[in-house]
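For reference, the structure is listed below as structure tokens.
For clarity, chains are labelled A, B, C and D in written order, and residue numbers in each chain start from 1.
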Amino acid sequence: MPQKLTLLINCPDQKGIVSAISAFVAEHGANIIDSQQHSLGLDARFFMRLEIDTTGSSLTQEELQKAFQPIADKYDIDFSFKYGIKKMAILVSKYDHCLYDILLRQQYGELQVEIPIIISNHPDLEPVAKHFGIEFEHCPINGSKQEQEKQIISCLQKHQVDFVALARYMQILSADFIAHYPHKIINVHHGFLPAFKGAKPYHQAYEKGVKIIGATAHYATEDLDMGPIISQDVIEVANRDSVEDYISKGRDIEKTVFAKAIKAQAESKIILHDSRTIIFD
Amino acid sequence: MPQKLTLLINCPDQKGIVSAISAFVAEHGANIIDSQQHSLGLDARFFMRLEIDTTGSSLTQEELQKAFQPIADKYDIDFSFKYGIKKMAILVSKYDHCLYDILLRQQYGELQVEIPIIISNHPDLEPVAKHFGIEFEHCPINGSKQEQEKQIISCLQKHQVDFVALARYMQILSADFIAHYPHKIINVHHGFLPAFKGAKPYHQAYEKGVKIIGATAHYATEDLDMGPIISQDVIEVANRDSVEDYISKGRDIEKTVFAKAIKAQAESKIILHDSRTIIFD
Amino acid sequence: MPQKLTLLINCPDQKGIVSAISAFVAEHGANIIDSQQHSLGLDARFFMRLEIDTTGSSLTQEELQKAFQPIADKYDIDFSFKYGIKKMAILVSKYDHCLYDILLRQQYGELQVEIPIIISNHPDLEPVAKHFGIEFEHCPINGSKQEQEKQIISCLQKHQVDFVALARYMQILSADFIAHYPHKIINVHHGFLPAFKGAKPYHQAYEKGVKIIGATAHYATEDLDMGPIISQDVIEVANRDSVEDYISKGRDIEKTVFAKAIKAQAESKIILHDSRTIIFD
Amino acid sequence: MPQKLTLLINCPDQKGIVSAISAFVAEHGANIIDSQQHSLGLDARFFMRLEIDTTGSSLTQEELQKAFQPIADKYDIDFSFKYGIKKMAILVSKYDHCLYDILLRQQYGELQVEIPIIISNHPDLEPVAKHFGIEFEHCPINGSKQEQEKQIISCLQKHQVDFVALARYMQILSADFIAHYPHKIINVHHGFLPAFKGAKPYHQAYEKGVKIIGATAHYATEDLDMGPIISQDVIEVANRDSVEDYISKGRDIEKTVFAKAIKAQAESKIILHDSRTIIFD
């Protein structure tokens, strides 16, 4: 297997960047497997994602990264190098549809991610974790919620988790918790954000009489349901549909937007710029 | 051609309604061509739409309507009988995509509606009206807007218009104007309402970083962009897309949601209940 | 709970049917909860689905059915009365995505169906059956396939199954097998039928260079992949997608079309007429 | 305005291509504005599209193209340089929906293409051409069809047309005609190819009982309706829909797939490889 490295680039749009970067890769005996770029006109930014095969390079991956620094300085580039497979924790409460969906996709090889731990404030989904052979940690909110969050963070750190997926975790995370994993916590909200923030979005949608309902995967931030949007999907509702039908239909799109966001995060396909996400294909 | 009549029914859900209504139709020698019904669980309402062929009936349509009153009283039914083809006025400003779309669909026979008049605050689209052989009235806002609205209303009345389609008409109508045609003015908004109300919805959507944009056709009410939703559609946007691309993609869905709403209105397929619309197929 | 009965009607379109049927329901003290009808212009057929609450009726359900016969004779009606919850068997091989999807939807209450048995020609998915608490029968093809089919049929009969769901069952059923459950075996095919019949439809789609792939749920008939279509869905493919990506994307739509077809069958919402299915909402 | 040039590349996948090409661009004082690439695993091909700003280059565009030849030879690259805006002819018969759609999109600036001529075998749509200020040529089939095709080709040549759009042109073009514009004639077919080739695809779809209908834009080749697919779209049909409704719904998707294909052709975003099209975003 080739040693694959992913390089994400975010810099002012300017002449010669592509050339400088591809020359750098070639110089060090590596090879560009895949390259995608976007320019955002409004503020003249340049975004790029490269997949690089480093098997032909004499440098270690760390040396390669270091060697890139002068180019980054010259072009004012925010960059990140990513190697290997990321580790993701899943936080759940009692709903299991997103949990099953992720675990099955991972099993099929759709999601290139390791899942060392499933954490929940309830014991209900332990059998699901067991069925898929994944460790389950029960972190109930017995005393203070602060205590419980400490327990979760300690568990995440123990498993050296790269990012966290909130698979319909029904607790609001504190700003302090989120600060431990900035833009590394993905939440799925069952509304077409920015419409229908907060609680009971399907009820809100029903009340408003919309003809299409949606779901949104986004980074958790201090502002509830207001973090950068990663993926969205929608489904039509009919006159006959009750709120229960909305909930049932909504499960299908919650699963797909959530899986899509996790896949993008796992494969280092997201660049965040000014609260907008750039998602590579 | 059969004499076709449409009957819309909105009443408390209760035993025997369907039977009572179909017996009424049969008694008077008429025939049910098509029937659709919905029950909304939340407040136990019953909604029904019937297409009735009255050629076999000895009663005039007015007599039939009168004969129905006792049943309506018994079951506490809000009802309306509709005969024949409705007359629709189109209000436009300078954007022509919705205008062309409606005129072409009417020409193809998709929209069973008469269009006696196109009214605009600008002279620009007169050639389009002319090309389709439709009368065009230029109502510029020279002095007061109130004056202009009076002029428009007088024009609508002259043409005995049943309802009004705002095909990207770029003026906010006064409460007084709207009161002349309650739930008979259909507007198309280029946002996925209730998100992105007001001006420049595509710019708002771009700023927020949503992954899907939408358009909404709704009844114009006093509350700007808050009237009952009739139809909605969405389209994905990509990283590469600028606000201009949103505007361009948006034209496609503005046209379809608008046409769908007009078709429903023209064919008496909308029942309004508590600010929600029930749309029959 | 009300005693709910479903009545499906298929007859020549003619005057007075709706009236006769609703009078019949009212006469016997029952109540129409829901009613849908379609007329197909081409051959002037009338299709209707009624949900009837029989709690107020003094007749048993069998007596009610018998009492309907004279009306059926008069109007030349093909009809069927359905009571209670149907029993469905699932046949699988090794792919588990459709299996998980159905079992979860049943657990959520989306699919109103009993699943007494899961049958497979391989032992691999027994743990999944066990996880959901459902009996699993292993019917391997050791000797003749005819023997194995006999074993399956005997198992289906033992569990008094109403219909059969082929959740990516990788064996072609004999005409003899199908004759035991005419239009009661639902298969999911991973192609947008009638395109891409037979083996490896995603490979065929890739070769042809289509831009959208599909999946189809249909009744199994003697003609492989040619039975009446019940539901279909599609998903876009991209330049970057390999056949493996098609397979991965395809799983999502296979699940939804299959679930939709099973739901329609379970709720008696399918009328078959001349190899076309009429699906009520 | 910058002098924009588009470079399309199709070659065996190999180390160093991206680097060689971007070095070439930088060496000649030009700048890469946009770059997209795809690798197709099956046969290890590499496809790339570059938009290059040549304002900083001292070479003429022809010289630049010539200077690229050695690189093309070294890496076995099929390439094409494209400058400026392409000229497209539209062939129509009597249906006008695709014609209006294209002309309006061009007017809005969505389609960056010049339309010097509209050609038809019928005189009916001359007023549409006139309304949009475009020359109209009536080429009736009076005597032999061969004669008529000669007349059309002569007209296309006179207007130095780059490619041809068949906007529901209801005549089958001869192999000889097609040979004049290989992979430069875009047809729109009202079926979800490869299903429903040939005449009356909506009738075929209705007969077969599919639940979703489609439209396909493809390059016209000798094999009727079998040329490389460029774009496809689909729309659901309902039980209530007659063939006429299919035709009506189909118009909407015929327009969008056709416009999408024309846009891709106009912007040099199509690479053809082994009867599959690679479409850049």
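To be clear about the criterion, a residue touches a chain if its C-beta (ideal position, glycine included) is under 8 Å from a C-beta of that chain, and two chains touch if they have at least 3 such contacts.
Everything numeric here is computed off the predicted structure, so don't read it as measured data.
Undergrad: If you check the contacts of chain C and chain D, which chains show up for both?
TA: Shared contacts of chain C and chain D: A, B.
Undergrad: Looking at C-alpha means, what's the farthest chain from chain D?
TA: In terms of C-alpha centroids, the chain at the greatest distance from chain D is C.
Undergrad: Measuring from the mean C-alpha position of chain A to the mean C-alpha position of chain B, what distance in angstrom results?
TA: Comparing mean C-alpha positions, chain B is 42 Å from chain A.
Undergrad: Which whole number of Å gives the spacing of the CA centres of chain A and chain D?
TA: 37
Undergrad: In chain B, which residues are in touch with two or more of the other chains?
TA: 240
Undergrad: Could you list, by residue number, the parts of chain C that touch chain D in their complex?
TA: 38, 40-42, 47, 192-195, 208-212, 214, 228-234, 239-240, 242-243, 275-280
Undergrad: Flag every residue of chain C that touches chain A in the complex, lowest number first.
TA: 96-97, 100, 104, 108-110, 127, 131, 238, 240, 248, 251-252, 256, 281
Undergrad: Which positions of chain B touch chain C when the two form their complex?
TA: That would be residues 15-16, 18-19, 22-23, 25-26, 31-37, 39, 56 of chain B.
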